[in-house]
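These notes open a run of structures that come right after.
Shared chain: chain A. Partners: chain B in the first complex, chain C in the second.
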Partner chain A sequence: MNVLEVRGYSLDYATATGFVRALDSIDLAIARGEVLGLVGESGSGKTSLAWAIMRHLPPRAREQGSISLAGQSPMTATEAEIAAIRGRRIGMVFQDPSTSLNPTLTLGQQLAEVLQRHRKLTRRQAWAEGEAMMARVGLKQPANMMRRYPHEASGGEKQRVVIASAFACQPECILFDEPTTALDVVTARQILDLFAELQAETSVASLYISHDLALVSRVADHVAVLHRGKLVEQGEVDAVFDAPREDYTRRLLAAVPRPDHRLVSGKPAAGIEPLVEVERLSVHYGRTPFLSALVGRRTAQVAGNREVSLSVRPGEILGIVGESGSGKSTLARALTGLNRFEGAVRFGGRRIAGRRDMDRAYRRDVQIVFQHPDSSLNPRQRVREILSRPLTLYGGEARIEALLEQVRLPATYVERFPHQLSGGEKQRVAIARAFASCPKLVICDEITSSLDVSVQAAVVELLVDLQRRNGTAYLFITHDLNLVRQLAHRIAVMYRGELVELLDIDDLSTTGPRHPYTRELLDAVPPPREYKS
Partner chain B sequence: MAELLRRLLRTPQGLLGVLIVGLILVIVVCGPWLAPYGPDTLAPRLRYRPPSAEFLLGTDQYGRDILSRLLYGARSTVILACLATGLGTLAGALIGTTSAFLGGRADEAIMRTIDAILSIPSLLFALLIVNLLGKSSFSAVMAIGIAFTPGMTRVTRSVALAVTKQDYVNAAIARGERGGYIVLREMLPNVVAPIVVEMTIRVAFAVMLFATLSFLGLGAQPPSSEWGLMVAEARRFMHLSFWMILWPSLAVAMVAIGFNLLGDGLRDALNPRT
Partner chain C sequence: MSPSYLVKRLALIVYTLFVVSLVVFAITQVLPADAAVMLLGENATPDALAAIRDKLGLDQPVWVQYGHWLWGVLQGDFGTSLRTGQPVAPVMLEALGRSLTLAVLAIALMLVLALPLGIIAALRRGKLADLVVSIVSYVGVSLPEFVTATLIVLVLADWLKLLPATGFVPLTENLWDGLAHLALPVLTVSVILVAHVSRMVRSELVDVLHTDYVRAARLKGLSRRSVLFHHALRNALLPTITIVALDVGYLLGGVIVVEEIFALPGIGRNLIVAIQARDLPSIQAGALIMAATYSVVNFLADLAYAWIDKRIQYG
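What follows is the complex of A and B.
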């Protein structure tokens, strides 16, 4: 018998301009001990479905169809009955553990509260049980962890606590909403292993929501592909991945980056003068307080980068990988003059020792594209103004329409505001802005990580095309190892602010990485499974 | 713009605010044509009259028609209040945005100075400035504008701080834009919405502050029919006719309430999440 069954379920949201359909006649079922992977791009309705099952919908939602949990329908339950179901019979694990835990309560209090409320344990029993749960989800020193506050634990540890509280009451069904997306690759891998272990142990019915096809293919038994609120394909993982029936699924699978499928051919000419040389560059955060400076007391500063040295040749794509907080973006910000730094940058024969040395020529030749186009494009400016600024500053002869055409956007977009464009289109505008001054080096700071996989593939293809035409060098910062292996000529691995390894892409496949951290990174992200197209 | 108006009219306070402010604007524009008498037409035999068919709101100590004086006085009262608020808002927005953009020590220096000025009550501060500049409508406008600047600076800076962390500001710095362009073109348009709300609410304060200054004899001078001044003059004759003090006070209150409601409505309308 199915634990969770959704039959002919449709969901509409009332907006100022009428009803907008979020989900359209969804049919799915999860049996005991089964994992159903729900895959879809952003806006496809994945999270809406999770909230519908949890019975936490805004008042402007209108539903049709049925949802049933072990034969009972939570749709007709009263508020009090739903409150008893949540946590007790359906658990949920959210994307970002730092926002799903209350920062003012200790981890132990939050875990014990679940046990007290749903399993009617006493405080003491709940605390002891909580400690046991912490040990079970692989947290070292559980007694100590119980007393810690969320900010005193790492992202991976917090997500383990969230998982512990989801499993705490042995629910029949658990919803996982992108539980590893906010985590580093290495941590994400550990969380996935934990998930698989607990899943096998408790044989709970799991709905695993993700945008990452490769990941779903590893954790799920069945997979359902959601596209604009409709389930386009559903079936066994092997069946769907080996022989996708629907066009959309095929396109999704084709867009997943595969390291063996190189997008860049050839290599930059060796032996010529490097374009940029970074010499022992260090970045420290935090300024010395006035009083400390007065009495000459030294204050501890946080190091963002420690003596990083690397060089980029003309026309080369240098990939920089590392987990969050490893100093990748700090390096990018230092190179564009957004951070103070020590050490030096040698660019075009000139030595740049600080932000004051960055003159017009340097600013013109080194451009940056940021991660979130929502934040990097001014929402109050039209595309015309956004693109005309670099032209007026550096006097390029290119026309705005030509710039748009270069990034494959119609010229009619010049009068649009950023909010009238999709995520991928916005990122194209940001790329067009960077290329307006004909730079020699473009720093791409995680530019594809906020985009859907199909959009990402198109943006990457555009970048490769621009590189081929203009001979621009890239500093391509990413956490996606499969993607960087498709693109880069060389890969720099950063760890805790230091550059631990710089290896050639050919060496990676022949001799393999030397540094243990690089090996750990590579092991955490196995290449996606092959499928027959 | 049309969308904003529609959202504004959907809330009760927005609708009421728009109606009252609209009425005030009509009076400001057409007041002199609507007035049955001149503001300074004396009628020594018809002094201290209560409201009647002839004088709808009664007459004052010189037999002048109060309704006509109110209709004429709307121009000076409301326009000067808006002017003063606009002045304070503009200065505050510029200082606040610049301070947030500069950051670090400069920000500290600017904001601590602003805090120090903020600690002086605004009426006292306005009195000080009027005393320095001399008694006139112009100096009252300046005084209220300057007295409003620190508060607007604080409001603007708190919004602008969030904007400085946006990547479009970083992108502009990395592109080598000058500070002036970043403050005026990149940041200021993005802090406008909360400032507009704050401004409409402050117009109400400005009307009251202006009336207070006139009441104290430091703003508009007789025989002007500025509303605050009318209240001040009527005070001495309250025992002869309380209508004289009631009508201008009600007029000031109506402006204050109207702009306050409009500000409340705008806050909801400009916030897309409600």
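What follows is the complex of A and C.
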């Protein structure tokens, strides 16, 4: 018998201009011990479905069809009955453990409260049971972890606590809403292993929601593809991946980055002078507070970068990978003059010893595109104003319309505000702004990580095209190893502020990585499975 | 929170007070007043003026005068009033006591009223209760104190004859009578405090209720009540602590109008009288005592902050 069953379920939201359909005749079922992967891009309705199952819908939602949990319908349950089901019979694991845990309560309190609520344990019993749960999800020193606050634990540890509270009352069904998206690749891999282990042990029915097809193919038995509120394809993982029936599924599969599918041909000319040479560049964070300076005490500084040396040739794409906090963005910020640094940068033969040497010519030649276009584009400026700024600053020949055309946006967009554009379009505007001054080096700092796979594929293709036409060199910072292996000529691996390895892309496939950390990174992200197109 | 932090913060308070003392002393020096003339009157003979200047050390360089004054202050002696000839410190401390009584009662009343109002408005967002709370608080914030005070006197003292309109009776002398005399000024300042703190609590709570962790708590099956009291409120109340600490400053020095209307001899009113009389020692003592109280209250607010939100670490 199916634990969770959704039949003919449609969901509309009432808006000022009428109803907006979020989900359209959804049919799906999950049996005991089974994992259903629900794949879809942002706005496809995957989270709406999760809220519908959890009965967490706004008052303006209108529903049709049925949802049943072990034969009973939570749709007709009262608020008290729903509260008794949540956490007890359906658990949920959220995307980002840094926001789904209350910062002012200890991890132990947040785990024990579920046990007190649903299993009617006393405070002391719940605490002991919570400690046992923490040990079970692989947290070392569980007693100590119970007393810690969220800010005193790492992302992976916090997500383990969230998983522990989802499994705490042995629910029949658990919803996983992108549980690894906010984590580093290595940590994400460990969380996935934990998931597989607990799944096998408890034979819970799991709905695993993700935008990452490659990941879903590894964790799920069945997969359902959601597109604009409709389930376009559903079936066993092998069947869907080997023989996708729908166009949309095929497009999604094609957009997944594959390391063996190189997007860049050829190599930058060898033997010529490098464009940029970074020589023993170090960045330190943290200033001595005024009072400590008064009493003559020096506080420990945090090294963001430790003596990083590398070079980029004209027209070369140098990928930089590493986990969060490894110093990738710190390096990008130092090279654009946003961070104070020690050491030197040699750019086109000129020595840049500090931020003061970064004159107008340097700034014209070195541009940066940031991760979140929402915060890097001024929300009160139209696209015209955003793009005219670099043109007046650096006196480029290009016209705004030509810049837009270069990033494949219609010229009519000049009068639009950022909020009137989609995420991918906003990032294209940010790219157009970086290219307005005809730079020689563009630093791309995780520029596709907030985008859907299909949008990411289009943005990456655009970057490759721009590189081919303008001969621009890129410093391409990312945590996506498969993506960087498609793009980069060389890959720099950073770990705790240091550059641990600099690999030629050809050596990666022939001789393999030398540094253990690089190997760990590569092992954490196996290349996506092949599919027949 | 490390012991060394506490020491550092206390040192910073001392340093602040030192700077305040410098500024206050400098300002009283440039005030157009001659202490000797103030003491003896316009018709004093030059000889008498010279004698008293010599006695008070007024003919010495400014920094020597400052040194004398500071040395006295460190021993608890703020000098004698030029107006009354009495020692300044006891008078000012007594006035501070009255002001603090007003402040503590007003803040207590404010918390009792503003927290529930803000919580109700946040929970019933967009509903009638929210609208009523926000209109009332708009009116409360925008009415000047003398209007609120006059209205309250009119209704409670004049028409209903429930409470005395003016005057002050120490609480130690007669608790009920004392509270009755304090009731109207406390009500007046509370109107303003309640208005802006309830708005603050409302907007903070609305934000917190939309966070992921509150949703996560609901989806763990916790009841609305337990999510509100256990998860949401402690985060929503943090900024309120800062507001309360700032309000103490307002209640000490900013409620002169209220003190004047109700003939409540608080520290603000005492300071005004001292300034009008060019009573330099009183001005200096009053300003310094107010600054000290304000610093200590803010220090306590910081401690409360760190106690509630463990992410805040002072080192």
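To be clear about the criterion, the second predicted complex is superposed on the first by the 531 of 533 C-alpha atoms of A that agree within 3 Å, B and C clash if a C-alpha of one lies under 4 Å from a C-alpha of the other, contacts with A are read in each partner's own complex, and residues count from 1 in each chain.
The rule we apply is simple: contacts are C-beta pairs under 8 Å (C-beta built on N, C-alpha and C of every residue); 3 or more make two chains touch, one makes a residue touch a chain.
Computed from a predicted model, the values in this text were never measured in an experiment.
**Q** Will chain C clash with chain B on chain A after the two structures are superposed, or do they fit?
**A** fit
**Q** May I ask you to decide whether A:F241 touches chain B, chain C, both, or neither, giving the answer as first, second, both or neither?
**A** In the superposed model, A:F241 contacts neither chain B nor chain C.
**Q** One more residue to check, A:N378. First (chain B), second (chain C), both or neither?
**A** first
**Q** What angle, in steps of 10 degrees, lies at chain A between chain B and chain C when each chain is taken as its C-alpha centre?
**A** It works out to roughly 30 degrees.
**Q** In the overlaid three-chain picture, which partner chain does A:I368 touch, first (chain B) or second (chain C), both, or neither?
**A** A:I368: touches chain B, not chain C.
**Q** For A:T104, using the defined touch cut-off, is the partner it touches chain B, chain C, both, or neither? Pick first, second, both or neither.
**A** second
**Q** After lining up the shared chain so the two structures overlap, which partner does A:F476 touch, if you call chain B first and chain C second: first, second, both or neither?
**A** Neither chain B nor chain C is touched by A:F476.
**Q** I'd like to know which partner A:Y495 touches here: chain B for first, chain C for second, both or neither.
**A** Neither: A:Y495 stays clear of chain B and chain C.
**Q** Looking at A:R360, would you say it contacts chain B, chain C, both, or neither? Reply first, second, both or neither.
**A** first
**Q** By how many Å are the closest C-alpha atoms of chain B and chain C apart after the superposition?
**A** Shortest inter-chain C-alpha distance (chain B to chain C): 6 Å.
**Q** Across the two complexes, what residues of chain A are contacted by chain B and by chain C?
**A** Shared contact residues on chain A: none.
**Q** In their complex, what parts of chain A are in touch with chain C?
**A** Interface residues on the chain A side: 54, 56, 83-88, 92, 94, 96, 99-105, 113-114, 117-118, 149, 151, 162, 165, 291.
**Q** Using the touch definition up top, name the residues of chain C that touch chain A in the complex.
**A** My answer: residues 8, 11-12, 211-223, 226, 230-231, 234-235, 308-311.
**Q** What part of chain A is in contact with chain B in the complex they form?
**A** Checking each residue of chain A against chain B gives 287, 333, 336-338, 358, 360, 363-364, 367-368, 370-372, 375-381, 389-390, 393, 430, 433.
**Q** Spell out the residues on chain B that touch chain A in their complex, using ranges where they run on.
**A** 104, 166-168, 170-177, 185-186, 189-190
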